[in-house]
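Next up is a structure, given as structure tokens.
Each chain carries a letter (A, B, C and D) given by its place in the written order, and its residues are counted from 1.
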Amino acid sequence: MRTMALETPDTGDEVKPIHEVDCVVKSNDRVNDEYRLLVLDAPLKILDCEPGQFFHLLCPISGNLQPYLRRPMSIYGYYPDKGELHFLYKVTGEGTAAMATMKMGDTFNVLGPLGKGFDILPNWKNLLLVARGVGLATLAPLALEARRLNRNLTAICSARSKSVLMSLDYFRDLGVNVIALTDEDATSSVENMRRIIEALIADEGVDAMYTCGSNRILKLLQDVGKSHKIPGQIALEQQMACGFGMCQCCVRAFHREGIIVNERVCTEGPVFDLQEAIGC
Amino acid sequence: MLDLTTQIGTLKLKNPIMPASGTFSEDLARVFDLDLIGAHVTKTITREKRSGNPTPRVCEVRGSMLNSIGIPSKGVEAFLANVIPFYAQYDAPLIVSISAGSADEFASLCEEVSVPGVAAIEVNISCPNIEEDGKAFAMRPSTTEAVMRKLRNATDLPLWAKLTPNTGETTEVAKAAEAAGADALVVSNTLLAMAIDIHTRRPKLGNLMGGLSGPAFKPIALRMAYQCAKSVDIPVIGCGGISNLEDVIEYLIAGAVAVQVGTATFIDPKIMVNMVDGIEAYLKSQGLHSVSQLVGSVEDGEVSDGLVFMEAAP
Amino acid sequence: MLDLTTQIGTLKLKNPIMPASGTFSEDLARVFDLDLIGAHVTKTITREKRSGNPTPRVCEVRGSMLNSIGIPSKGVEAFLANVIPFYAQYDAPLIVSISAGSADEFASLCEEVSVPGVAAIEVNISCPNIEEDGKAFAMRPSTTEAVMRKLRNATDLPLWAKLTPNTGETTEVAKAAEAAGADALVVSNTLLAMAIDIHTRRPKLGNLMGGLSGPAFKPIALRMAYQCAKSVDIPVIGCGGISNLEDVIEYLIAGAVAVQVGTATFIDPKIMVNMVDGIEAYLKSQGLHSVSQLVGSVEDGEVSDGLVFMEAAP
Amino acid sequence: MRTMALETPDTGDEVKPIHEVDCVVKSNDRVNDEYRLLVLDAPLKILDCEPGQFFHLLCPISGNLQPYLRRPMSIYGYYPDKGELHFLYKVTGEGTAAMATMKMGDTFNVLGPLGKGFDILPNWKNLLLVARGVGLATLAPLALEARRLNRNLTAICSARSKSVLMSLDYFRDLGVNVIALTDEDATSSVENMRRIIEALIADEGVDAMYTCGSNRILKLLQDVGKSHKIPGQIALEQQMACGFGMCQCCVRAFHREGIIVNERVCTEGPVFDLQEAIGC
């Protein structure tokens, strides 16, 4: 298997400026047992976002919580009209624990928007989104965009338990057809998911599939996509330092034209072609 | 008029702030006008394409980071075709960082990148010398001198030797690079370090170990920069943990004629521009008129060589 | 029953936590019962009285500190008369740290402190060897081996060799100490560093440079401890930047059989006791029953010698 | 000049335990242009103090202020009755700047009491205290103790300007005879101070002199003390790491029995014999 280094920054896309901005925290509340929603008062210039893009966040330093590097976080919602930027996050370590201490009125430095978001091609009418856990944070803006573009969206949302299943109301309010699966109900198995997706394809049809994170779901959608020739995209994660292309920390491997190529999640991604992606 | 320029051999920079190799790329042009800083330094390239080390390539340690990127490289052809033209649109001089596994490969790459548009060549001699015992060239004076001599014969461009902090012979290596014709020293590359995830018990880096950079590394690199400035006559460019204006001033006072900023750019992408502005304000506030008045102005008194060149902590 | 004991050669400690030389004294008995920790390690002593380095002897760097105490010493007589009797009231074994400027002086001091009440001798070979070129013994395998052989002949007590991070030959020095009869390695002493006050332009330490210790130093010392544990068969005692329970676990996983805590005690004088309690809770939570199950349990896979023993950052 | 290392910890004094305690901030207000008064809610066990002793303070970490080592600070007041511990401090760097950010209700970790305080021997009736600037913080508890022991105390307080002259009311309330000197009034010169002191000696007499900090004042009091055979004590400062004897960072040199000895400011001091002290 040959391995090849990545090519220079996409020359096709226009190169937008990256903004580093101090925002003010509007709220930072717990939404369920595991997740918090951070709402920032944000200037318009950073709200020209695409679903799937992310920001690189400078978490506050206080007491024993002393995160150093920025933390990448998907845009959960961007609202130029009300000047708000939303992040949905799970406290997993030092940085997110520090974020959780922030209060209304605190200043929070963000860098972005960064990366390449999801595509919704003109001929993609019926969209399917499959997410597990905090993956919803990344996929939620797709729902908003789908409605703006007048597409049909079905969201299969899987989680450990009902109590951590998030964004369902959010999706329903946007007219999304929501299918909730949980481990506690034993409905979240890959086999059940496959059955549900096959039924959707048979019924209304699916033009494109979107997912993120989970290896099991990636594998499933790659199978389904291949057999039904349905295109798809996946948002991936990787440890980052710079967040916009300089350090080469964040590479992942992809199948492309018979070889394995490394691409930077922060710049060529975080959204990649579903079939090219390689789980980890 | 305040004079922010600094002279590195035959090369004059409009200010003493430049990026460190591997922490800078064309992408930073999306954050600020790249002509605001003194020079541009590319990520190290190799002759052939290389994919770099396994992931994770970065991890955080208290107040700093480790990296084990390795040297992913598009190869010299892609570099000549894409990167050099990109930087040609700027006035700031372009410094190309190169690396290779043997002195001959090093020399031939050096020749290949000695093209118009390149102002100087930085040689990353912290990489393993595959011909000898696998030790990095810059670990020993002898291997440093040998590779630098070949490089000196391969180009007429200014040659900057980038040292490693992993050697126990900092000043000897510095002198060897000077003797072999280096035009400047960059002090220094990252320090070998390690972190283990206590939950998985796995090394936090895919490559087992990596290089420490950032604030934790500053007092070590500063010490090296000071020792090098005291032991050679060629200019020293300070590098290591420089995160704010005070750090820049500290290195200049220690004897560096310019500095490279690495990890700090990841935290604050505009930091280099702020440093340039900050130097100006600082000179003004101190009643100084030029950067060169600061360089080497450390008040170390009648300090003995025994102290200056000590190699272990007292 | 949880087994916190650890075996260092013939010496069995009730737990793997002990202080680092120079960061501990009788005074700590005012904070907690000194029998709660695994061993006691004295500040390095010399044969003669010495007054140490000029002040300031300490300065702060980002999240860590530099020191240039030097080795102020009351001399061996005062030590035998006052210090050894003090520690005799405790069960925890007493480790005496010694230093000297030549191998012969080292050996004779070693003999003098080989008295009842002393459980092991730690040799601080990071000090300059005044007979050779002034380089510290532990900078090179040859000088390490030479001094360790003399020390080996001078005592029947266990001998712990304390290494320096300033060498470029960590594993070679470790092997030399082992070959010469060291019973354990302490990895490691402080790393040479510097800080300059940008207002006065004077070095922040009276002695120009000093040793970096504390959190900033941890990833470097951990890497060395790992490399040493991989390259010798004698036990390795980890030391450098250990500030909390996680750090202790990380060193044990990396291969250290015990750890020394230095600078962290200055921030939190009770930290060593908290660590002992913490290890117990940790073992319980992990379903482990002994410290030895952790030691060297790093999941480094089929890693090549080239990686384990690399000497510069990739 | 021979140099000698210090002796083992004072065996004369009883060895008291050292406490590390989280206190709660009661107030932390500016007292004038340069100084702040920190009032802590402190447990009784740490309030068994002597004037001249100090605490080693763990300054809070927040944002860019990330002090690492503890900071030594003299006890400005200790009140077992109301359970309060007071510090008077000047913001000079990272640690004190971090202290200045503390608010009522915050937790603050202190270690102490540490060091050897001032002596007031039974036959010392007329006490003289000479202080400059923040030195008052160190000397203030002497006033309380002098009143408790029923001694006469005169305090010569010198400062740059009236606006930073502190503790004057505090002293007056305790019945101290206060003499205020300032640079702006040109009353703070060494010559003027000497005149004032000589007058005091001639009038009521002075049995002991106390000071801290300033080299000029040290020199002056050594002169006066020698010529009038008046004993005295001085509180000294030095950079510290551990704060109670372990690290040997904090030594200063003293004249003693014809030689120069090093003593630890944190343990043998911070209060030393006036004549033995060497300025810096």
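In this text, a contact is a pair of C-beta atoms (placed from the backbone, for glycine too) under 8 Å apart; a residue touches a chain by one contact, two chains touch by 3 or more.
What you are looking at is a predicted structure, and each value in this text was computed from that prediction instead of being measured.
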{"item": "Other chains in touch with both chain A and chain C", "value": "B, D"}
{"item": "Chain A and chain D, separation of their C-alpha mean positions in angstrom", "value": "59"}
{"item": "Distance between the centres, which are taken as Cα means, of chain D and chain B, whole angstrom", "value": "47"}
{"item": "Whole-Å gap between the CA centroids of chain B and chain C", "value": "32"}
{"item": "Centre-of-Cα separation between chain B and chain A, whole angstrom", "value": "36"}
{"item": "Residues of chain C touching at least two other chains", "value": "61-64, 67, 69"}
{"item": "Per-residue multi-chain contacts in chain D, two or more chains", "value": "66"}
{"item": "Category of the chain touch graph - line, ring, star, complete, other", "value": "ring"}
{"item": "Chain pairs in mutual contact under the definition given at the outset", "value": "A-B, A-D, B-C, C-D"}
{"item": "Complex contacts: residues of chain C adjacent to chain D", "value": "22-31, 43, 49-52, 55-65, 67, 69, 72-75, 78, 82-83, 214, 263, 265-270"}
{"item": "Contact footprint of chain A on chain D as seen in their complex", "value": "60-64, 66"}
{"item": "Contact set on chain D toward chain C in their complex", "value": "3-9, 15-18, 20, 58, 66-70, 94, 111, 238-252, 262, 267"}
{"item": "Chain C to chain B touching residues, read off their complex", "value": "53, 61-64, 66-70, 126-128, 134-136, 138-140, 164, 166-169, 189-196, 198, 200-203, 207-212, 215-220, 222-223, 226, 241, 243, 246, 249-250, 253-254, 297-300, 303, 306-308, 310-314"}
